[in-house]
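Two complexes come next, and they have one chain in common, chain A, joined by chain B in the first and chain C in the second.
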Partner chain A sequence: MIRAVSFLALLVALAGCRPSAADFNGTYLDPPMPAKDVTLAAPDGPVQLSDFAGDLVVLNFGYTSCPDVCPATLATLARAKQLLGEDGEDVQVIFVSVDPERDQPERAANYAAAFDSSFVGLSGEPEAIADAASAYGVFYEKADTAATTEAGYLVDHTATVFVLDREGRARLLWSFGTDADAMASDLRALTRSS
Partner chain B sequence: MPRALKVTLVLFVGFVVLAGALYAALFQLDVRPRLGFAPGFSLTAADGSGLTSEDLRGSITVYTFDHAGNDDPVRGTTPVLRAVKTALDTEDTGGIPVRLVTVAFDGPPPGRLRDAAAAADEWTWATGSPDALRRTVRDGFGAYYERESDGTYRFDPTFVVVDGLGIVRARYRLGLPRPEALVSDVRSLVREAQSAEGTLGLAYEAAHLFSCYSVASP
Partner chain C sequence: MPMRSLVVLLAALALAACEPAPDAEPTEVPVTDLVVEDAWARPADTSGVDRSAAYFTLRNGTVEPVRLVSARTDVARVTEIHLSFEENGVMRMRPMVDGVEVAPGEVVAFEPGGYHIMLIDLQRPLVEGDQFPLTLTFDGADEQTVEAEVRSP
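Presenting the complex of A and B:
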């Protein structure tokens, strides 16, 4: 009887320590979902997502000529990282360009670093980018030729932000418009639970 | 915070979660596992408009993959999807959109795709360039197809159910599934979406933890 009660108490305590979907502003995936490791290009050479194992990876797809969604998202992520303070040290934001035609690795890297020096910007060959995007369910394509800006054509793309846990599994999804406080709160909950 | 209060709080939270798990176990909440992200894609629908994975975000979508005009009763996917559509037409999904999509991997010309769509009770049919189809159908959804030298197609009838977040929740690759199984998948996702908030939402999350990965899709 004592054993049974102790076991139940342990279960209750463990369950109480686990974060649940209700603790998050984004969509919390529990159990985490396997996510594909992908290889892309940084200015210094190829980079794999698994290179960041041990960090919480915040993965965002966009392009450097984007007039609205991408800069807004990266600015929000930069603010969220500021809000995290020391808790943000093992949070790694990765920006993946879906515009390989214009975004060479260096350009993608500089663009991401302009928002926060710790942000990593990646690009790559069209095939590699297509593989990476497909692995995360990200759609992208050049918009109609009529829709252009001073910087040239626009690219329609998925604006969801993905958070991978320290083992590289998908843990959390944020839709576009999630604010910095909400992101910081979610990341804090994740950093403290893992 | 006093120690007694802390203990009480931990026990209370633990009790709520445990109660959710017990609820899930006792009432056997019917959840479908999250199998992975469905691929992002951009195809062309039978009416000539674009169809992207983003257009279907927020909908529960049943995908299948076939060549246009396939009326093979054994390997054709159309009769199955027609039965699913008939069942879902009378279903109250509480405003949660449910979409059925057949991707024609043979890249038929627009007229033939329109004919196939019309013959199939007008659910969404789409196709695309050979490269887009390979990436979407074979690489993305994992549905095998191959064009034979005589112009016919060898393929495994595949059905994939995707939730509103773009996550694959059920996949059938070994023969044609029973329409009831697909309808049951959709019903399960509808219930889950309707219960996303509050205590029942917690129970569903608990059910994911405790039961779904031991219960294979039918």
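Presenting the complex of A and C:
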């Protein structure tokens, strides 16, 4: 028993010596997801995700008519960016609409910028949105609730937030509800390691 | 301890757990209320987005179930009770057309990613620091109007 405990203690000690998934609050992807470039629309023209190479991109999907989950995520991201201060200068938050029918590029851009003026909001043609979503395994579909809500249609969607490294590869996933301190700590760790 | 005593003890414990509290005179039942606490709503700038959400905590201090059936406020043309929930990594949101029940003695929190009052077609921007009256209507309790504070959580 003593020997088993000592061995366990040694394992724990060793694991603490090198950076690993345990250093992150989110799910650390090792190896990272290969970079996937997609072209979306900003108010003044097309934007490619690869345009942001060199930044740590924090990518999240949602829709501007969403009153609860999407603003919760964006407000948390805004707070995380504040917490980072100067360390957050090369962190770029990008919101991608999964509701191209209602979210014109301008609406998506204004929506994201309302949380933090540095945030980029993108939309695009339905096919482009579908490409972007499938590149990250993001699911979205209109919910069949028209008969019971005056909110127009609601959109069910993956609420996972993706952090891309400076080469555009997804490195880290945050599930809905991750708090700003956890995000800031993860972004600091990623900033240091890249 | 002999097995039989143990069984008897366990049975006694089980019975004790089921036994209702000694009957009080109905007039002596403490009259407590349904309390609505910490009402707030997320800021929204109506130039881009015409909706927001309001949150609060319902504490049912009565001895009967209470059901929140509707909400209204002059800052939104329409209000609906909604629930956001996660299913296989996908966030979904659904109207709670039958309202939300709070059992006697229970607390139900309306909070981001869960129950909320969806404010649709905002009549004015919700600016951080503002307050607005929010009226909640219940089955099993009187209507209540609370001041909701506009703030980021």
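We take it that the second predicted complex is superposed on the first by the 170 of 194 C-alpha atoms of A that agree within 3 Å, B and C clash if a C-alpha of one lies under 4 Å from a C-alpha of the other, contacts with A are read in each partner's own complex, and residues count from 1 in each chain.
Here, a contact is a pair of C-beta atoms (placed from the backbone, for glycine too) under 8 Å apart; a residue touches a chain by one contact, two chains touch by 3 or more.
The model shown is predicted, which means the values in this text are computed figures rather than measured ones.
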Which superposed partner A:Arg107 touches (first chain B, second chain C, both, neither): second
First, second, both or neither for A:Cys66, with chain B first and chain C second: second
Which of chain B and chain C A:Ala130 touches, first, second, both or neither: first
First (chain B), second (chain C), both or neither touched by A:Gly177: second
Partner chain(s) touched by A:Asp30 [first = chain B, second = chain C, both, neither]: first
First, second, both or neither for A:Thr158, with chain B first and chain C second: both
Touched partner set for A:Phe139, first chain B, second chain C, both or neither: both
Chain B and chain C footprints on chain A, overlapping residues: 139, 156, 158, 160
Contact set on chain C toward chain A in their complex: 42, 45, 47-49, 51-53, 78, 80, 82, 84, 86, 89-95, 97, 112-113, 116, 118-120, 152-153
Footprint of chain B on chain A - complex, ascending: 11-18, 20-22, 27-31, 33-35, 130-131, 133-141, 156, 158, 160, 170, 173
Complex contact set, residues of chain B against chain A: 10-11, 13-15, 17-18, 21, 34-42, 52-54, 135, 139-140, 165-167, 201-202, 205, 208-209, 213
Of all residues in chain A, those that touch chain C in their complex: 64-69, 71-72, 75, 79, 107, 110-111, 114, 139, 143, 145, 148-151, 154, 156-160, 175-177
